[in-house]
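Chain naming follows the written order as A, B and C, and within any one chain the residues start at number 1.
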Amino acid sequence: MVYEAIAASGSSPYIWAYIITAFLSGLAFLYLSRIWDNVPRRFPIVHFFIVTWSGLMYLNFVEGQTLISDYAWYVDWMISTPLIVLALAMTATYKSEKNHYDLIAALMGLQFMLIVTGIISQEAAASTAYAFWIGCGLLAGVAYLLWVPFRKIAEETSDVLAKKYKLLAGYITVFFALYPAAWYLSEVVYPEGPAMLGAFETSLAFVILPFFCKQVYGFLDMYLIQKAGEEI
Amino acid sequence: MVYEAIAASGSSPYIWAYIITAFLSGLAFLYLSRIWDNVPRRFPIVHFFIVTWSGLMYLNFVEGQTLISDYAWYVDWMISTPLIVLALAMTATYKSEKNHYDLIAALMGLQFMLIVTGIISQEAAASTAYAFWIGCGLLAGVAYLLWVPFRKIAEETSDVLAKKYKLLAGYITVFFALYPAAWYLSEVVYPEGPAMLGAFETSLAFVILPFFCKQVYGFLDMYLIQKAGEEI
Amino acid sequence: MVYEAIAASGSSPYIWAYIITAFLSGLAFLYLSRIWDNVPRRFPIVHFFIVTWSGLMYLNFVEGQTLISDYAWYVDWMISTPLIVLALAMTATYKSEKNHYDLIAALMGLQFMLIVTGIISQEAAASTAYAFWIGCGLLAGVAYLLWVPFRKIAEETSDVLAKKYKLLAGYITVFFALYPAAWYLSEVVYPEGPAMLGAFETSLAFVILPFFCKQVYGFLDMYLIQKAGEEI
């Protein structure tokens, strides 16, 4: 039902624009990693997968109904949003001497579960409220990890890094809070709610938000890491 | 077909009790990690995900038919049971100086494949026997890894740790053997079999068994680790 | 639709032969790891999962229609082909002192995305071309990683290892290029294409190709590692 609404809403040109910028950004990240040689290789790799995976999933909205078309956003987010918070965690722990595997796994696990609450909410027509609010609780947990333990790790490394990390973490926190807002207001994914966004507005919202959280964020992260590398 | 049978069987209050204890235990593990400060942070993290993931999946039995309702147990177990054996492996290798990534990956991989044989068995109406018995073979492999290499690693560390590890491994081995027994006897998931457990008894069995394997096990594991830390 | 065509094509005996050799090879790898004691334990573990996972998935073609029968190849490949390239990467980095987690994750991630393009291509009846060609681009990326950075890592270790690595990488590159060729020519998975292979020929192709890429490859890899261990 989601696919039909999206496909009929006339948002295809915007979705194509998203897909094309996603793949071009992926290639650009790989190219930039050759120029900015003080950016560790793991950053362009993670950002490459964030944008290309997302671009591939958006093909499901323009390419004819597929098995996952109604869930393409979630299949996108299940992989790409844990990678987005992984990139943040890698930025915070960039020069840290200890390993922080436990915290990084907790952060990515919370983010993954958050997306799964979205799938359950979309499906369970009767009473989506529980899964939706559990998801909001998990988002609060993600924000806590970003702003308390990971901020501390960045601050212990250097002031320069901490400043850049806080900029990135603030950027992602704001955009991630807009996702459930758009989800809640959409009549396509949550028809029982306020239903203020139609199919066209929903698909536009889910083109604009990820464009800033994936394509733009990738450049921003790599640029700030490169700057931090020069200054430290 | 599984969901309808469960939902109509009157087991909802028990399932709700399971979900609520799951989320409360998850929070309790995080709280305990502040009090028992000699328990490494990775233990409460793993146990938090075991119970909250399971609780989230059980929402699919009480929240109205969803895409995964008929498979909610398997989607639960695919994530939570590899984490349960991970917690055991982490207990055995708790103070080990070597890393044991290869053995831990083998243990978690076997456990994951075991759950997938359950999905195939439930689906393949004609002749589930092959997948079921392959699953039993994989369970024997999991038990072998727990009782031979990981027991040795625990014994090499200290007698105190080995004693506690063997208690936990015995506890999990017994409960894990009860799962396929309940599965085999259930008329909901395996109607061709003896069909001794109806929908109510099946859902009750799959509330009681995981309660001991997840909520109780989490407390037990963290308590024994904390004791071992004091004694070593 | 795929399952019905395969099941009616008379290829069941070949599929059974594949399943049986898969499980026997898995056991043989574990046995060989006791004899060839200079082969690190991670090699038999990875090859065990490659063949047993594949064998388990092929049960979906002979055991009666299941939820994943139409996608059983992809569910097989999503797990087994990233493990195949992992085995190659482990061979190249076998004695390397640095860790190469970033490159290994990139290699496995590309291979995983490649398989997902196959699922989208099979489903999107209207215009599969985009996903198929993106998949071919990802395959080129996999080949690049195998032949440039990983070849260099093997060459830095020793000439003996590099020679054996290049043999294995060439073997896998050739077979992996035959997969999309068979896929493209099959009338079952891609009816809009040239449709030169019927259901029987398709299932035979997808028995022969994986037999060489999984069972034979596992023995070859472990044998060459054991030889390299003797010579270095």
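The rule is short, and it goes like this: a contact is a pair of C-beta atoms (placed from the backbone, for glycine too) under 8 Å apart; a residue touches a chain by one contact, two chains touch by 3 or more.
Here the structure is a predicted model, which is why all the values come from computation and not from measurement.
Engineer: Looking at where subunit B touches subunit C, is over half of the residue numbers used by both copies, so same, or under half, so different?
Structural biologist: Mostly different residues form this interface, as fewer than half of the numbers used are common to both chains.
Engineer: Quick check: superposing subunit A onto subunit C on C-alpha atoms, how many degrees is the rotation, to the nearest 5?
Structural biologist: 120
Engineer: Go ahead and note the Å separation of the Cα centroids belonging to subunit B and subunit C.
Structural biologist: 30
Engineer: At least two partner chains per residue is the criterion; list those residues in subunit C.
Structural biologist: none
Engineer: So in the complex, which bits of subunit C are touching subunit B?
Structural biologist: Touch residues, subunit C against subunit B: 23, 40-42, 45, 48-49, 52-53, 56, 59-60, 63-68.
Engineer: Sort out for me which residues of subunit C touch subunit A in the complex.
Structural biologist: For this pair, the touching residues of subunit C are 71, 101-103, 105-106, 109, 113, 116-117, 119-120, 123-128, 130-131, 134.
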